[in-house]
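You will see subunit A twice below: alongside subunit B first, and alongside subunit C after that.
Right after this comes the complex of A and B.
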């Protein structure tokens, strides 16, 4: 029974991820030990207790931080299944943020209680439409998705800055306006229970939307014809084409779906009532790029993305608390980097194990 | 005429670091290793170089050209060492190269800022004094036209960039090593059968990319700023784009880098070009030019993309 569980591919992936996380934390500990030896143990304790360090306040922070990266992670993971590395995710995320803010602030003809639904949906659509550009360019012009994604990120960034300046600009702060609380996501009793630190935060609905979309993506990937086709294209484009699949259509649709997730991800944190604004700086949003490690750590599995995002939220909360000990928060980035580095060759480790097992079996058969 | 010189000078400032890093990427990819870690390597190179420069300038150990060259050597070594992490994962451990490249980008940025903050009591930026601009090279600077274009208000790194371009072309196209490298990127099984060590050759390819990206990171920072803030603003990714745009071949990479550098120059210097300034279009329009133009050009030129056939595929001896 147990050996069967361990033989499953999914279990192996989880174990591989856990091994990577372990090594990442070890390296993180060593680095803290080198640079802040006197506070190393206390600091590492804070890091490990991350999302629970200050009770519900830390816990709600963790959930709040995990929402956008869960979506951008899902976006990268979904595109990765068709064999494309969607580095255009920051752009798709950013355009979602802008559209959601614009609708929430300017479309006053929609009643307060319903506007978040329109905002989230339109943000998703905007992300999907933006992802169509690299999709079409790849399908019909053979443009490498990595390069078109990079270009689209910068184009989006400049357009959004111009968009903010001409529609929802707050000239006193030289940034965008904020979405009024009345037009944010609905606040649930659970929000009041968890967010003791910030009485306006409303992240439960956002979290449910994010998790719901991850589950939806899992269903699309594993239970529909489209999901089957997109994985087939990912495995072998030519074989998929030969089997009668329209590989161009599949690729474009897959990228658009991925872009939808990123767009929704862009909308959610701004609708949480945290007063977050869009900046007028030519810097791409971190939440976009941070989706890449989430997808990788979650082994491109939508359900894996949920846990990977929660984990990242958890250690990021811990990392913020570390600053009280004068340990730079970037130690989290180092740990993340090391984790992903190890995750990159866990396939190899899996391969070695598989070989080892095969050899053992061969020997046993030989004895008989 | 002075506006032409100005635009040309600015173009060089953008184009040279981009070209150097893109040439590095080319060596890695022609050998069959996708190197997405350029951004991280550039950050590490820039960090180590500027860190040394800061130390040398505050303690007055070195100055002028010797300082510049020592800093560049340090950036190169740091880049080389950092890129070896990628090489080890990609070549020995058959890692997914996209993933390990991404990992190094995260790690590089984290390490640079973490060390800077820890050593400087929480301050993230490392400052330096730019003492490397050459007013006019004696003799050469007084040549009409050419002197104004190339030999006035210039950096020695510009000439180094041109030298590296020629060297890269020669190394890749005209030497035995270049042939070996290219064969490892196209058909490593055949290369192995012919007695070439695929592992060693690929290591050399990644090493070259590490050296060039490290140097590129440093010389990207020097002319445009007086401090290193922990980032190279996406230039590693742009260099990757330039490399693909240049179709993996040295001379075309040079062309692509200059194209991008020129459009980038236009995008911020448009107000000083009389006939463009008259159009009075919004600022954003000009800023979009480099990216949109690259996308459009790519759409027309990507049909015959010549990515190395074994690019990104770990070499597995048993598949020979």
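Right after this comes the complex of A and C.
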């Protein structure tokens, strides 16, 4: 029974992910040991207890941090199923953020209680439209999605800066305006229960949207015609074409869907009532690129992305608390970076599994 | 005793599941052009790869100029002055001719600076001597395929190679270029070089070769003096007297025309000649039309055009009198085209999908298999189970098995089941039995005959002559992209077919 469970592909993926995380933590520990030897054990303890270190406050922080990366992770994972590495995710994320802010702040003709729906939907559409560019280039001109994606990221970054400056600029702070609390996501009783003090975070609805989209993506992938075509194109483009699938259309639609998820991911954290603003800096948002390790850690499975994003939120919260130990913020970033880096070893570890199994099989066959 | 430049004695090389070379002996005299003749899969490439150091033989000995040697890698081969012109050239496209020739043995001056003066002189001398007429400063991407081949030849000469291997050098050339190559080869021979000429074209062997070694299915058949044998004898040695496959079938009763092809031509941009050249034919309901030919004579491309995987340059394709020339693949499937593809891993299957999903690869979009875009897995599985049962497709976990892990025979059976059971009047089957065991072959043959008897038109593309003879009601022979013969299997034999396939004979209606 147990051996059967271990033979399953899904189980192997989970084990591979856990091993990656373990190695990441070990190296993270070594780094703390180097930079703050006297506080290493305490620091590592804080890192490990991250999401629960300060009770509900930590917990809600973890959830809040996991939302955008869950979406960008889902975006990368979804595109990966059609065989494309969507590195354009920061751009799709950023354009989603901008559109959501613009609508929430400027479209005052929409009532306060409904504006978040419009903002989230339009942010998703903006992400989808932005993802169409690399999609079309790939489908009709065979331009590598990685290259067009990176270029689109920078084009998007500059466009958004210009857009902020000409529409929702807050001249005193060199940043965008904030979304008024009244026009953010609705606040649920659970929000109040989980937040302490003056925190007004409204992350429950955002989290539900994110998880809901992950489940929706899983359904699309595994239960629908579109998902069947999408995976067929990803596994074997030639066979998909032979079977009469329109592999170009499938590819474009898959990238657009992925872009939709990233766009929604861009909208949600700004609508949580945290007062988050868009900065006028020429730096792509971290949440975008962090989607890549999430997708790897979650094994390109939408449900896996939920857990991978929660884990990453957990580590990030722990990392933030390390500052109380006089460990420099940069070191904390190195530690979380290392853990994320090791997360991408998941594939490698799965490969080692497969090799080990093949050797075992060979030996057994040799005996016979 | 003869003076041999190369002797490969009793070479045996086994790959998992197949003996590619079984006790083969090849002896090439100094200063001769020695042809190596055999069908695809006869073991020519393996033998040459062993000589070139890419593979190690399991048994046997290689002697060069009478001395036993061990060739571990291509560098060793180069040391023994063996050079090879591969079928697919190994050139850097944005380098000049000269840069390509010296690549790997460049002379460098102070600080690693490239010195080309001496090399240029030598290249020009060689080019002059063998009348190759190459421009050392032209970029590879700007010169013709024939010229590129000469660059490959120059590469060998520049390295002072004495033993030159040409691997199917004429496959990519136009007739004029072939004539010129023949002259170059004779010049090389006159200068004392020994040449191994791999080919399956009998005309070329008669034109240049002194002696010829024939291989068949990995085994040594004979070595003959080319002058002493006729093309017919060569063809017979190459093809052999194969055991006739027994297929139970009644005489064909052809009815309406199902597939009609008119003046189909396919000339992709990157090819220097039309791969399918003005092909016209018909296939009727209730007959098996077989396209015979040696691999690479345009059969693959013809089928790509018919199935929609590639767009023809000109010409028309009609299926049941409907013009499908510009229709999409899905429209062709819906119009009744069934296609067992040549490459089951590339086209036929999504290897990482399970058996059920593969059996439904061309069904899933039909209304009965989905509800509002949601796949009806139950129906799909039922259908898959039915076909698995009827066609005896064996696998570890039934319809849930991932196809990648299944045996080739069962993978092919799954494809045959899917295509035969689909609705449609035309079945295109390309090498449907390649690499399968006897049991699976006879099963698939029965299915093909059954399709014919049910009134379908069957277009069978096969490289196996015994399969062609056993199954077909009509044989069309393709050579160099053209149809060169329309034969009746009852009045022809393998020997005659071999002559058509090797381009030595053309049907009256196809005369040039």
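For this structure, a couple of remarks:
Just so it is clear, the second predicted complex is superposed on the first by the 324 of 368 C-alpha atoms of A that agree within 3 Å, B and C clash if a C-alpha of one lies under 4 Å from a C-alpha of the other, contacts with A are read in each partner's own complex, and residues count from 1 in each chain.
Definition applied: a contact is a pair of C-beta atoms (placed from the backbone, for glycine too) under 8 Å apart; a residue touches a chain by one contact, two chains touch by 3 or more.
Keep in mind that this is a model prediction, so the values were computed, not measured.
When the shared chain is aligned, no partner comes close enough to touch A:107: not subunit B, not subunit C.
Among subunit B and subunit C, the chain that touches a larger number of residues in subunit A is B.
In the superposition on chain A, A:293 makes contact with subunit B only, not with subunit C. Contact with neither subunit B nor subunit C is seen for A:41 once the two complexes are overlaid on the shared chain. Residue contacts after overlaying the shared chain place A:240 against subunit C, while subunit B stays out of touching range.
Those residues of subunit B that touch subunit A in the shared complex are 36, 85, 89, 93-100, 102-111, 113-114, 117-118, 122, 234, 237-238, 240-241, 244-245, 282, 284, 287-288, 291-292, 294-295, 298-300, 302-303, 305, 307.
Contact residues on subunit A toward subunit B in their complex (touch as defined above): 31, 35-36, 85, 87, 133, 137, 141-144, 146-148, 150-152, 154-155, 158-159, 161-162, 284, 292-293, 296, 326-328, 330-334, 336-341, 343-345, 347-348, 351. Within the complex formed with subunit C, the subunit A residues making contact are 223-226, 228, 231-232, 235-236, 238-246.
Subunit C makes touch with subunit A in their complex at residues 307, 309, 328-330, 332-333, 339, 341, 346-353, 357, 361-362, 364-365, 370, 373-375.
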